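You will see two complexes here that share subunit A, one where it goes with subunit B and one where it goes with subunit C.
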Partner chain A sequence: MFLAQRLLQLTLLLLWAELLISGHLYVLAAIAIPAILLLSLQPHSLVRSHLNWITLVCLLGWTITAITKQENPTTWFTSLANLLWLMASLKLLESVQKRSPRSSALVLLLSIGLAGIFNQNLSASLLQGSCALLCIAALVALEAGPQPLASLLRRSLMLFAIVMPIVLTCFLLLPRLPALWSLPGSRASRTGLSEYLRPGELASLVQSHGMAARVRFSGPPPPPEQRYWRVLVHRQFDGYGWSQGPSLPLAKEQTIPDATILQQWLVEPSQLAWRPWSGHGLPNTTGLRINSGGGLWGGAPLRQRGSYGIVANAKGDDWRKLPPTATDLALPEGSNPRLEILGNSWRQQSTNPVRRLQLARNWFDSQPFNYTLDPGRLPRQSPLDAFLFDRQRGFCEHYAASFSALMRAAGVPARVVVGYQGGRWQQPLGTDTYLLLKNSDAHAWSEIWLPRRGWVEVDPTSWVVPNRVRHSLAASLNDSDRRLLEQRAPAWLQVLTNQWQGLDTRWQLWVMQFDSSAQERFLLPLLHGQRQWQGLIAVAAIGLGFTGAITLIASINHRQSQQDAARLALKDCLIPLAKLQIRPATGETLQQFCQRAAVAIPEQEQLIKCISLHYNSYRFDSNPSPTAQQLRRLRQQLRAIKAELWYYVRKQKDLA
Partner chain B sequence: MTEQLQSAIHQLSQVLLGKEHQIRLAIACLLAKGHLLLEDLPGMGKTTLAEAMARCFGLHFHRVHFTSDLLPADLTGVAVLDSVSSQFQFQPGPMFCEVLLADEINRASPRTQSALLEAMANGRVSVDGCSHKLPHPFIVIASQNGLDQTGTSPLPESQLDRFLMRLSLGFPDRQAEAAMLSEQHLPLEALNTGLSAADLEAAQLSVSQQHTSTALINYVLDLVATSRLNANGLSPRAAKGLLKAAKAWAFLEGQSSVTPDHIQAIFSAVAEHRLDGGHRQNQPLSKSILEQVDGFR
Partner chain C sequence: MGFAEWLKGLQRRLGRTTPQLVLGHRNLYILPSSFGGLWLLSCVALYLMGINGGSNSPVLLAFLMAALLLLSLFLTHFNLQGLKLQVHPQRLSFAGQDQVYAIKAISKTWRPNIKWRWLQPGAPAQQRQHIRPGQQLVELRWHPPQRGRHLPGRLLIHTTAPLGLFRCWCYWEPPEPIWVAPARQQGPVQLFVSANNQTAKLSSAPNKQSGSDLFEELRPWRSEEGLQRIDWKARARGRGWVVKGFSDIGSSELWLGPDLQLPLETALEHLCDRLCQEAAAGKAVGLRLPDSTKLPPASGRQHLERCLKVLAQLPLPGCS
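Our next item is the complex of A and B:
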């Protein structure tokens, strides 16, 4: 009982710790963890005596929050989950001295399952697995009585192993239900690219080290100069910042015949509906479409990690040939007058867009531009003028934005592309190498329309600091800026982190992203295309798994119960004596105990002595070993004695 | 048979007043075919008990007083030249008897003590490369003084392990001592139980045929395992001895089944000298082991 409580408390602590780490309910978790620790050390504290009131306050708080936020139905699920976590904790606190920690163990198991929906990375999954293990161990402790911790955990592991075939069958064979799996997320909005590009935005974004995406290549990876991963295409310029503008038509979703996957992407959650890609090839996942601006559209913000592949296909480059529209040339008049004058001068010098591009490059080369993470704020009025002609200190978005605006002024259609550039090459042991893109790899560049060549990528940042593209961001910064980017973690920790992320990638791609299409890819070759067998095989396998598991558990229980049925019957029979505070001491034999009990209750001496007589004769007299019939008789005898003892105990209580 | 044994115990306790429990244990040791070690201060009745045990079953016994200059040959016997046949003839020593009363065994040198080892374990003696079988039954009842007495050398642990039980008699209570002083006890020579060596053998056979259940064996195994957590664990021979002694105790009680109570009754006598290695502890080690192991089986 005591051990079970401790195990459940440990489970609860781990669960809260996970919520704390993952950023869910962090305020509540920060309160709950010390509270649970305190309560487990001091069972008779003030909190427990006022638990009813605390529960009431929590419920009221939840109700108010739920009602005030009811306009957003997706938060309902999250708030219900929160309520469950809260109630599981309160239930455990309440049941420390009372009878049924069993129900709190079950509620905790449910909470662990819920936590699994919100957090799916490898470390969270491992934590949830160990939580479930502890919970089961607590249940075993409740059912089978006190045992050493190691044997409890062993039994819990054994139960896990027994149900593993069923779990595997369900995982591999059961059809995926999309509606159930795409539960609304509750992630707080993360830092990442945003839909509106204002000057200075990326400079602050690259200072956060959050992960953005991971990409594996089937062939050789592209050289550093070509590692541009586009996400957002900004076409509308309002004189200050860039936005996407009127939405562009989407290409039809295409069924891709079997083709080699060029890139396999694993993308972290973000609030954007756009996914990173290289701009070449076609996505092989349903629901992903390319728009005419060259953006990969996923339909909705990514609430959980998503994965998709890009396959080689000539049609993937179609968007580059789509001619520009008026938006691609629009420049708010008078917003940046000096910029317009410069652009106009290029327009008058040449009619050839390529020549105009050359003029722009020459101009950028001639100016003493400074590449920095700390460009300072640009004025609201004519910001690009201030950057180009006065300050000349900026980050990539400053260069991309002003270059695109200059090209528009020079009569060349241009737009700004925001995405990632470069990335770190990760080589974890035992798994494939992959490219890790972090927020610090965020980048902005330009695209201009050249007749006959279509949309061409131009990165003005690379004119100013060639190292940015060829090496890394850090290589292109001066010392004070580099300090802003510096990682504080020591080298060995970074190596470990790399390994862990590699494992995590595997876990995501193989387990968490095993959706209906992955299932189909896995199953169809096995079934030789006969899909109708899937259901039958699933049902048969699950049935077989259940039967096997139950048989296994039953046989183990049978083996143990054969030995211990008599012990259990004896234990049961002694309960009335325990009510009178007569309990066996360790080392005491049954006969000694019965003699002691008979001295304590002289009225029942004969009856009590019968216990040891019957039991000992069953246990030690039967030659060679007791039969089932003898066991039945012993049970009857002990039950009869117990009934009489109960009667006596009740009478004593009534008299008292 | 049990009644006869009970009456024998009754008579024996007339000889040795106020020591019925020790007498029972000693008889149980004999029934379990074990050797007995009596340890106490001089003058507590060790030798009397030993002799009484031998007389009780009408066994042929020799009494040897162990001294520091006693040699192995003094016990086993030697081969002497027969002048008539001009051949060496083995002259059996005092060891060739049914009960060997080894008085003050720890006064002898370790060499002599170890001469007993083979005899106690295998019931035979090897002299000059020849093996001589000892009579059956062969029981050693040894007595020894406490180790703090001068001129003693402790029995090695291998020797101790061959004694099934170690008993100490302790001071008699006032009443028993008063009866003794007023000569109310039965003289040793007057002891007549009517039991014979054949009776002893029959009883030993019945004892060895007592049924022991798996639950009981598990209890013994648990006790032994718990003892092994400390320095001097109980040997497998000790485990066997525990079971044999418990069977004998149950037989003496007239019960057909052996229960943990019987194990507990003989546990300290069988286990203590193996646990403390001959050095008595203030707190009996066997007691703490019994308290650690679940007695409900």
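Our next item is the complex of A and C:
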């Protein structure tokens, strides 16, 4: 009972630590759970008599917290989860006071499962698995009585190992039910791209090192200057910032059977309904559609880590050929007068959009622009004028926004695209290589419409700082700015982090993102398209798994019954003698065997006779039956004899 | 036939009354425990949580718990299957005292948390015990209803190990009776001393030493007994310190009987106590009862047990 309680307390502590680190605990739960845990360490009559009051106070606190958090409607699920975690700690307190920890273990298992919705990365999953193991060990401890912790954990691990093939079979083969309703689940990312692009916004975002996405390629990755991953397409300019504007039509979902997946994306939770992609190919995951602006629409904000593949599209990218609308040329008159004048001057110099683009590049090249993470706040009045003609210090969104506005002033349809550029190529040992995109890779660039070519990407930032695109953001910054980007972790830790992220990527893609479509992809080739056999095969495989598990347990039991610990120790001790071809004969007692062996090896006579002496005294002197201590002593004695016999055997071999 | 009678008949059929019971498929029953039911509900809840929350962690946990549930069906059954139970000679005991009913359990494997419970009303609380490999004496508390020769009744043997998800059980009615002598209570008894038709006082108890030529038993030696009766031959052969007990066939015989002035049960209680006292003192006594039952004077444990069994068997007042 005591051991079970301690194991459950450890489980709650680990769960609390995981939830605290991931930031899903409300302040109330973050404080109350360890406090309740402390109270549960020692049964106390005062606590027992005031258990109802403690529960009432916790519930009251939770109600107040939940009401204050209801500004965001998606937090109700987090509130309920906090309530369950709080109740799990209270149940544990009750079980310690009233000695009934079994139901507490069950509530903790539910809490672990709930934590699995919020935290899905590899480290969290491992922690959750350990918590589940501790809960099972606590249940075993309740039934098996007092025993050493190591033995208890060994038994629990053995149970885990025996059922694991069955669990994997169920996971891989059992048909997945579709979601009956949608849980809000995890929070969206706290940092990330937003729907409205204000000047200076990306500059602060890139200082966050949070992970944004991971991409695996079927072939080699594209060269650095082609690594543009689009997310949002901003078409509406209000004189200060950019937004998406009127919604564009979505293309029909297309499925391309047997197409090779060019890119496999694993995207972190995001507040946006748009997913990053390269702009080439087609998504092969249901629910993803491309709009006429070239954005990949996921239908809803990504509340969980998501995965999708992009396959090749032989027909080319349809969205690039869709002609611009009036929105793509709109420029609020008088919002940035100097910019309008400059753009107009290019319009008058040439009617050819390509020539106007060249004039813009020439102008950007001629100006002393400074690329910086700390551009300062732009004035609300004529912000782009202030950037282009006065300050000339800016980050990528300043250049992209200004260039797109200039192009519109010059009569060329233009828009701003926000997404990621570059990324870090990760090559962890033993796992697949992938491209890691962080928030610090956030980038903005422009797209202009050129007749006969369609929408063409233009990155004015690359004109100002070519290293930004060819190398990395850090390479394009001055020393003071680079310090803002620096990670404080030492190099060795970064290497370890990269390795861990590699494993995490594999975990995410193989396990966490294994949904019904992934199951279909996995099973169809194995079933040769005969999907109707899936249920039968699943049932047969699970039955086989259980048969194997039961056979294994029965054979372990049989082995234990046939050969007890003392017998095994004796068998082990006689191995060195077997090396010298001295083996027990059929019907020979241990004493007779030892006498025979002593005659064969007279130098070790005393030692060999000790085997029989110790074993027989253990077997027959103990009244009524040997204790664990006596067994331990016998094992030690036999081990010592074995070591000496081994030494003798080796010496004999060396002499030979 | 009413439902209660049918249930009783069923219970009778379920209970085994053989002196040895090997637990197996024919006599073991298994059903999910209430905790197992909650566990199953939790599996369903976790699975729903997983598929609706878009996370595979709860789904994996649900599969793990479901697999453990199914596996523990077999593990719980294995925990009792193959256990051999044998009746064991029971010690004579006294009414009104908590007693122990011993059962020999023979197992090849370690069996954790086996619970034992007598099914009679007012039976002691359930006992739990871990069964070690080999032979083990399981001592179960038992409340004797009154003096007499009793069968212990129906025993429920059950387990929920290893996870508490299933409850596996069987019934057994051990056929070995337990003798319950009247409760011990100090008080007057009738004394009859017959030595050539002369009445003697209690203090003139016959000298055992001179008349102790009928060997009765061997029993462990106690230091206060002196060295006279130690079996030195046995000691020399390494059998430990034992004392020879002898029946008394002396010429002066002490007989005890119930005091007929008192109610029978009280008189028997007094007699029972006196018999024990005399036996502890090593004196030879005979038993003479109103129904003309006689046990000739002797000493030793076996004689005492014979006497107490006779007292235990006397018809209870009000019974024909």
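In this text, the second predicted complex is superposed on the first by the 489 of 656 C-alpha atoms of A that agree within 3 Å, B and C clash if a C-alpha of one lies under 4 Å from a C-alpha of the other, contacts with A are read in each partner's own complex, and residues count from 1 in each chain.
As a working rule, contacts are C-beta pairs under 8 Å (C-beta built on N, C-alpha and C of every residue); 3 or more make two chains touch, one makes a residue touch a chain.
No experiment lies behind these values; they were computed from the predicted model shown.
S.K.: Just to be sure I read the superposition right, which of the two partners does A:S446 touch: subunit B = first, subunit C = second, or both, or neither?
M.R.: After superposition on chain A, A:S446 lies in contact with neither partner.
S.K.: After the superposition on A, what does A:N557 contact: first (subunit B), second (subunit C), both or neither?
M.R.: After superposing on A, A:N557 lies in contact with subunit C but is clear of subunit B.
S.K.: Touching A:T461, do we find subunit B (first), subunit C (second), both, or neither?
M.R.: Neither partner.
S.K.: What is the contact status of A:S270 with respect to subunit B (first) and subunit C (second): first, second, both, or neither?
M.R.: Neither: A:S270 stays clear of subunit B and subunit C.
S.K.: Touch check for A:L110: first (subunit B), second (subunit C), both, or neither?
M.R.: second
S.K.: After the superposition on A, what does A:R102 contact: first (subunit B), second (subunit C), both or neither?
M.R.: In the superposition, A:R102 contacts subunit C only.
S.K.: Looking at A:A549 after the superposition, I want to know if it touches subunit B, subunit C, both of them or none. Which is it: first, second, both, neither?
M.R.: After superposition on chain A, A:A549 lies in contact with subunit C alone.
S.K.: If you tally the residues of subunit A touched by each partner, is the higher count for subunit B or for subunit C?
M.R.: More residues of subunit A are touched by C.
S.K.: Which subunit A residues are contacted by subunit C in one complex and by subunit B in the other?
M.R.: The overlap between the subunit B and subunit C interfaces on subunit A comprises residues 625.
S.K.: For a test of understanding, state which residues of subunit C touch subunit A in their complex under the given definition.
M.R.: 35, 38-39, 42, 45-46, 48-68, 70-71, 74-75, 78, 108-110, 112-113, 130, 132-136, 160-164
S.K.: Under the touch definition given earlier, write down the residues of subunit A that touch subunit B in their complex.
M.R.: Against subunit B, the touching part of subunit A is residues 567, 570, 584-593, 616-617, 619-625.
S.K.: Contact residues on subunit B for subunit A in the complex?
M.R.: So the residues of subunit B in touch with subunit A come to 211-216, 256-261, 264, 290-297.
S.K.: If you look only at subunit A, which of its residues touch subunit C in the complex?
M.R.: Residue list for subunit A touching subunit C: 102-103, 106, 109-110, 112-117, 120, 125, 128, 132, 136, 139-140, 142-145, 155, 159-160, 162-163, 166-167, 170-171, 174, 176-183, 185, 303-304, 511-514, 546, 549-550, 553-554, 557, 560-561, 564, 625.
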